[in-house]
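First the structure, then my questions, so here it is.
Just so it is clear, A, B and C label the chains in written order, and each chain counts residues from 1 on its own.
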């Protein structure tokens, strides 16, 4: 649909440009400006990505992915870092999925008259604000709540739970959107068959919204993986293999930070880790995109 | 007044053990109804008295009273907006789903008042099935479309499920067409097949009443004819209330007809009677005008 | 359509369980924001109760050892860096959105968008890494030291550019085709349509995107930490090393105790209040124009 809008405007507009000399020059200037802007933008990013690839590529190898860091990370690999990262992510998902799904179902499926609507408005507003809170503030919050008040110290638990707080707004809004867009005909049909809301959700609605929900989940995971500031004072810096979830663990993003800022000669490792991180994010993003496309396609029913 | 029963304990989604025996002994609050029979010996099945329906304060249907007879096919005719669908939806309490909808009046099915707030609406809707204008099979396999509601209502026995599924599909004439691909997605069926699947889905629950809201209007003529033939075959076995804009269809299919009309911006029941007499010798002039195609 | 429980007091056991479970998760999530605020206030209590907020703005400077906590230099640095970034990123982002929507050949549109989405997800440490190893030396060769307010502005601009571009593109795509066709039919050139019709109509959405980008710039920690030099001083020129509030927290938290720690929490609270105000404005903006544009 975007394409047809696009061709409409270009063909329409192109045929009308260049009527008079003054109009022509104005049009040309804008066109030039716009092309320059686009080239500049794309160019900067190609420079960045190219640099990253160029510097990080020679670090890549199987051993890099599996070995533990040595010599403060200048040598060796990021094996233990990857494990910590996945554990932190796992804890975050453990908290985000139930809380997020429950809240999204509540927001999407239940009305409560005046008080219920007010409550939902409040929740949505608070989630919007939560989405804007800087990650360093979440770091402070996580530190105060999980590390100190709940006495978990610097641990994978603390890091994961703090990340969950950050993932929730995005996950809830995408899940709610996914659920709301599922056809109402099925809700009506389910009610007419005497099925409870819970049954309709479990058998029909959630499976139908599953691609959208998973896509939202992928986006949230992407955000979580990119997080650094919140993890520095919640899951800590320890780069050894964590023995339990109560151990401190270093996430990949934190490793990049440490290697580039605190360890002289750590640049190579930083680049290699950054490349790995980017690759992970690209994969996750591709899965999210293909899921979203599948979800949209599935909603077109054959007649 | 009826109090909510806990028979729905048997219908929990995560597997309570409910057997067919349990299901028979736990009464739903409407009283056990035998399906079918009657028609032509008028036995009221649904008794509606002074029914009014309003949405957010705006009345769409006012003071409708009529008796729907057992085993008969009753057609609700009249122009759009007269409240026919609202009337239908109040019979299975689907009006509960619309925020701000108020239903006033008396509705009795087999003598039981179904308007009390504490009624077990899920049991009600099992006995009063509804078919919608646009076919709405779930995005599941054909088998699961029928099986899932059965399981939810407590029927877990594998053999009984298979039997019910087969019987329902045979009833609607789909069995030959789909018996070899029951696990195919229901959405891959044609529109007419989907609608018949929806009817099968409702029939599998062994209802006594079927409500149909313009079931053929979204279908092509051939599919429409098939569904119409199916509806005719339901006579005597089920009580059918069908909303239709197609007067010819009403004449072909129905035993009784109720004519609705918009009067003073509110839907009202103008005339009700045996289908033939309503069409050939209507008592009210509005009816006469409508059925001869002069107005509406 | 939403399930309304107004007209029925009956809830199956599965549904009452569902209501309770989802209601409690929603409650937990609802109090999260309040919890964050509460904890921030509690932790910054010791230094706030002493002299209130004024001490943060009138003390001699940021000298934790001597209990002086003047936030102003860092606040100026934060504001300067963010506003500078938005000043660069907004025009560039809008232009690139205009390009994508009105000037790019059809084959370019989707890949371009995919790249923008990818770039919006690049972690700030990666931007910081690139800034540290490429941008700072470059700037340093031009005007030492390389790590300065300018490098912070440039890196931040790069970071928020994809977001601005994507939200602007969404806003432009939401401009009704009728407006565009009408403008073309009036003989307007492409420039005329873009500047006269599309951009004004998309203004609200673009503004919301700009607000969101500002929020992100204000809250950014890692990238700025890595390139800005981190000297606590009010920036006198673009080439001064500066420390922003976020970077300050990140650098000093590991070893801060007592009042120092409380001061850091207070600076976090200040940041949060600024950002929340912007979020509220953005929310009102979005709600006001009736169109919600999702930001990615």
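Convention: contacts are C-beta pairs under 8 Å (C-beta built on N, C-alpha and C of every residue); 3 or more make two chains touch, one makes a residue touch a chain.
All values reported here derive from a predicted model rather than from experimental measurement.
A.B. asks: Need the central chain here, defined by C-alpha centroid distance to the all-chain C-alpha centroid.
C.D. replies: A
A.B. asks: Taking each chain's centre as the mean of its Cα atoms, which chain lies farthest from chain C?
C.D. replies: B
A.B. asks: How many angstrom lie between the centres of chain A and chain B, each centre taken as the mean Cα position?
C.D. replies: About 46 Å separates the centre of chain A from that of chain B.
A.B. asks: Centroid from C-alpha atoms only, then distance chain A to chain C, rounded to Å. What do you get?
C.D. replies: Chain centroid spacing, chain A to chain C, equals 15 Å.
A.B. asks: Please compute the C-alpha centroid of chain B, do the same for chain C, then give the distance between them in whole Å.
C.D. replies: Their C-alpha centroids are separated by 54 Å.
A.B. asks: In chain B, which residues are in touch with two or more of the other chains?
C.D. replies: Correct list: 8, 11, 13, 97, 99, 121-122.
A.B. asks: Going by the touch rule set out above, which residues of chain C reach two or more other chains?
C.D. replies: Chain C, residues with two or more chain partners: 1-6, 12, 14.
A.B. asks: Would you please write down the residue numbers of chain A that are in contact with two or more other chains?
C.D. replies: 111, 113, 187-188, 191, 196, 198-199
A.B. asks: Sort out for me which residues of chain A touch chain C in the complex.
C.D. replies: The touching residues are 2-3, 5-10, 12-14, 16-19, 23, 26-27, 29-31, 33-35, 37-38, 40-42, 44-45, 48, 51-52, 55, 98-103, 105-107, 109-113, 119, 122-123, 125-141, 143-145, 149, 165, 168, 172-173, 177, 184, 187-188, 191, 196-199, 201, 219, 222-223, 225-229, 232-233, 253, 256-257, 260-261, 267, 270-271, 274, 277-278, 281-282, 285, 289.
A.B. asks: Considering the complex alone, what residue numbers of chain A touch chain B?
C.D. replies: 111, 113, 183, 185-196, 198-199, 202-204, 207-208, 298, 301-303
A.B. asks: Show which residues of chain C lie in contact with chain A when the two form their complex.
C.D. replies: Listed in rising order, the residues are 1-6, 12, 14-15, 17-19, 21-26, 28-30, 32-36, 39-40, 42-43, 91-93, 95-96, 98-104, 106, 109, 112, 114-115, 117-119, 121-130, 132-134, 158, 161, 165, 173, 177, 180-181, 184, 187-195, 212, 215, 218-222, 225-226, 246, 249-250, 253-254, 264-265, 268, 271-272, 275-276, 278-280, 282-283, 294, 296.
A.B. asks: Which chain B residues qualify as touching chain A in the complex?
C.D. replies: For chain B paired with chain A, touching residues are 8, 11, 13, 92, 94, 97, 99, 121-126, 129-130, 132, 134, 136-140, 144, 148-149, 152-153, 187-188, 190-191, 198, 201-202, 205.
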